[in-house]
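Heads up, the thing below is written out as structure tokens.
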Amino acid sequence: MFTALKQRVLEANLLLPHYGLVTFTWGNVSEIDRQQGVIAIKPSGVSYDAMTVDDIVVVDLDGHTVEGVLNPSSDTATHLVLYHAFPALGGIVHTHSRSGTVWAQAGMDIPALGTTHADYFYGDIPCTRPLTRTEIDTDYEKHTGDVIVETFRQRDLDPMAVPSAVITGHAPFSWGKDAFDAVHNAVVLEEVAAMALSTRTLNREIRIQQALSDKHYFRKHGANAYYGQQ
Amino acid sequence: MFTALKQRVLEANLLLPHYGLVTFTWGNVSEIDRQQGVIAIKPSGVSYDAMTVDDIVVVDLDGHTVEGVLNPSSDTATHLVLYHAFPALGGIVHTHSRSGTVWAQAGMDIPALGTTHADYFYGDIPCTRPLTRTEIDTDYEKHTGDVIVETFRQRDLDPMAVPSAVITGHAPFSWGKDAFDAVHNAVVLEEVAAMALSTRTLNREIRIQQALSDKHYFRKHGANAYYGQQ
Amino acid sequence: MFTALKQRVLEANLLLPHYGLVTFTWGNVSEIDRQQGVIAIKPSGVSYDAMTVDDIVVVDLDGHTVEGVLNPSSDTATHLVLYHAFPALGGIVHTHSRSGTVWAQAGMDIPALGTTHADYFYGDIPCTRPLTRTEIDTDYEKHTGDVIVETFRQRDLDPMAVPSAVITGHAPFSWGKDAFDAVHNAVVLEEVAAMALSTRTLNREIRIQQALSDKHYFRKHGANAYYGQQ
Amino acid sequence: MFTALKQRVLEANLLLPHYGLVTFTWGNVSEIDRQQGVIAIKPSGVSYDAMTVDDIVVVDLDGHTVEGVLNPSSDTATHLVLYHAFPALGGIVHTHSRSGTVWAQAGMDIPALGTTHADYFYGDIPCTRPLTRTEIDTDYEKHTGDVIVETFRQRDLDPMAVPSAVITGHAPFSWGKDAFDAVHNAVVLEEVAAMALSTRTLNREIRIQQALSDKHYFRKHGANAYYGQQ
């Protein structure tokens, strides 16, 4: 029934090894069909090499499987929280890409240090607070989504202007208007995370000028954008 | 006689260059057949490019060759000590993979800093104490195995919950329920070693929360695991 | 009309992903035909995979399109400033290559630390001063070119002896006698930027001896060059 | 006349891009035929992609071309000094491989930190003293060879036990019993240089134990070697 959606989600998942963002079965991509009230997502623990469109799992917005025989990604509950809280999201990606994960492990925001970052992310990519023991022990994956939402609300961030977060002690989540846009943002996150890591070995304090960040972000986004063929 | 075992060990050895874990002839993989009382292991100093199933050497648990014409890996005695001491081990891998070797050279445990680590290793990957001059001069490879066993016993570690160690001044050993599982763990060790190296340039002290380590380890291992298709 | 020029510029642009200098549509190469009074340049935001010679845009030296239907690179104004100010330039490259961008983000010159650098760059690769808010808000891309020209004039640098600069908070520009020479210099910049980053982790102060820099630069450049088959 | 020698030198040179040790035309490999009193070496500034056996240049031990139409490598004089001073050398490699060059730029020996190093190099890989201005200005390439020889004599090093050096402000030279052995050592140098760089970010002081260095070196070299199939 959901073949087109599942095909897109399969292709977006296969981009993760293509871009070097995953090892083994790590990582997952989903996309939502808000009219049908479903998301399609990678199955849990299945190899990218062997994955077919029939392996993709379709679940409703309460997480019940409506199509597919495999278990959905163990991170499905995190995806659902984000789709519920952020109506503009069309696709979500989770990876343990190396440099993004390093910032998550360090418990630090990925700082906005240059125009590569500013072209895609309006300000720092936030790192969530540590979960409490209670949040970890019960409904862990749901609470991972909750702490992302809490972070964006407390800092008054627009999730479409800062389409990623890193989870303390864990790894990044990225999103976008659809599954492919989310993967695109996950690739950029990894690149700016790597650049920021090396920049910090030369200069512990420097940040991008606010005016330069504004310029680069808004020449690609919003009503006055002039980058590309729009 | 041991063709199936040798074929598996050949294939597992060929995964080492596939995953970028070895240079030249470095590294080796073995697997044990506990019923037959033998292990199959890579020959010493033979190129992965040219290796065939006939080159794999089968030795008994005292290290005497029972099938094959080449010398077994010079590290065979280390493998045998581990198989004797840890009955759950089915396969063992030794590599000089870059980041794992860096932690060994630094004489430091690979610290558990995130869920990537916790998904596979329950706590730090231990670094062994330096061998004494006497241990190095006589039966060096056997003593390398002994010091791994000593480390796990002194720290009361379960070798199947922490399926790797790094040897001071040397490099990692990894293991698993069979040769392929051991290679899998060697790949993960290299990835978490690289992540930990970069994390330490940002934050010298941080560690993963114990509750988060527990959560990730036990959602993949043991009776209550829910990751994957089990 | 400008097919040969556009074909060269297409090929030079395709070298950027070949050498690993770009992600997605980032980066651009141009070449000038000074007799015809035009430059050919990459279109804005177009994928390298799909780019054909018809996508390359030809603009006059005031930036008006004379051939092509797509928008030229958003950085076209920067290229034009450099071609106007530096008559020896035949080709220009802009990338966000990782290590070069790190030095730009750190706001630091790429220091001349060895003969690899000295073979191509006579002295440090300069980092421009930050642009003012006014320079950023109006005619940003033109001002990016202006600040490169200002840097070379204030430091009395020959742009053909130091064929690159890094822009504070942004990324590198490189150039050369034609588009292919410019790409060549962009590859070298990335390599020496990476080497310099690691060198600074070992030694914060060291620099190449001036006599050694002279020797290597002038064995490859100028009347007394003896490197190669000239 | 020297077709077989030139063919070997061609193949050994082509291994440099295969192993990722060179960018563009950088680097060169030579091999000596001591009975004929000649060396074959890469031509200067020629691309590896296009190189054929006819491009390889044969020069006598005074550096005069005896076969070939191209200029020999600009580093030929360095090779000749080493062949004259060290009678055991059969092949020599020069590269600007990234991590080896970093140690050269830092003006530091590559320290022996682990068994990967000890398997091939008996002790630190020495860094030469800076050349004087006079040594640079006249017969620079010859003096580069001289300072390597001086370093080995002053430190009483056996060039076959430590088959590499790094030149202050420049890059590594490696050698071996023939051209292929020299390339092998150049690959190992790059790997141990990279490992040592990262190890020093964790631990600024640690070194390999002397007994462990002895053990690994002598299990692969000399009368009592037992590694491999010898």
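Order of writing sets the chain letters: A, B, C and D. Residues in each chain are counted from 1.
Please note the rule applied: a contact is a pair of C-beta atoms (placed from the backbone, for glycine too) under 8 Å apart; a residue touches a chain by one contact, two chains touch by 3 or more.
Model, not experiment: these values are computed from the prediction.
Separation between the centroids of chain B and chain C, computed from CA atoms only, is 47 Å. Computed centre separation for the pair chain A/chain B is 33 angstrom, with centres defined by C-alpha atoms.
Multi-chain contact residues of chain D, defined as those touching 2 or more other chains: 201.
The touch graph of the protein chains shown is a ring with every node of degree two.
Counting only pairs that meet the touch rule, the chains in contact are A-B, A-C, B-D, C-D. Across the complex, chain B meets chain A through its residues 113-116, 184, 187-188, 191, 194-196, 198-199, 201-203, 206, 208-209, 211-212, 214-215, 219, 226-229.
The residues of chain B lying in touch with chain D in their complex are 23-26, 43-46, 70-71, 74, 96, 98-99, 101-108, 130-131, 133, 136-137, 140, 169-171, 197, 200-201.
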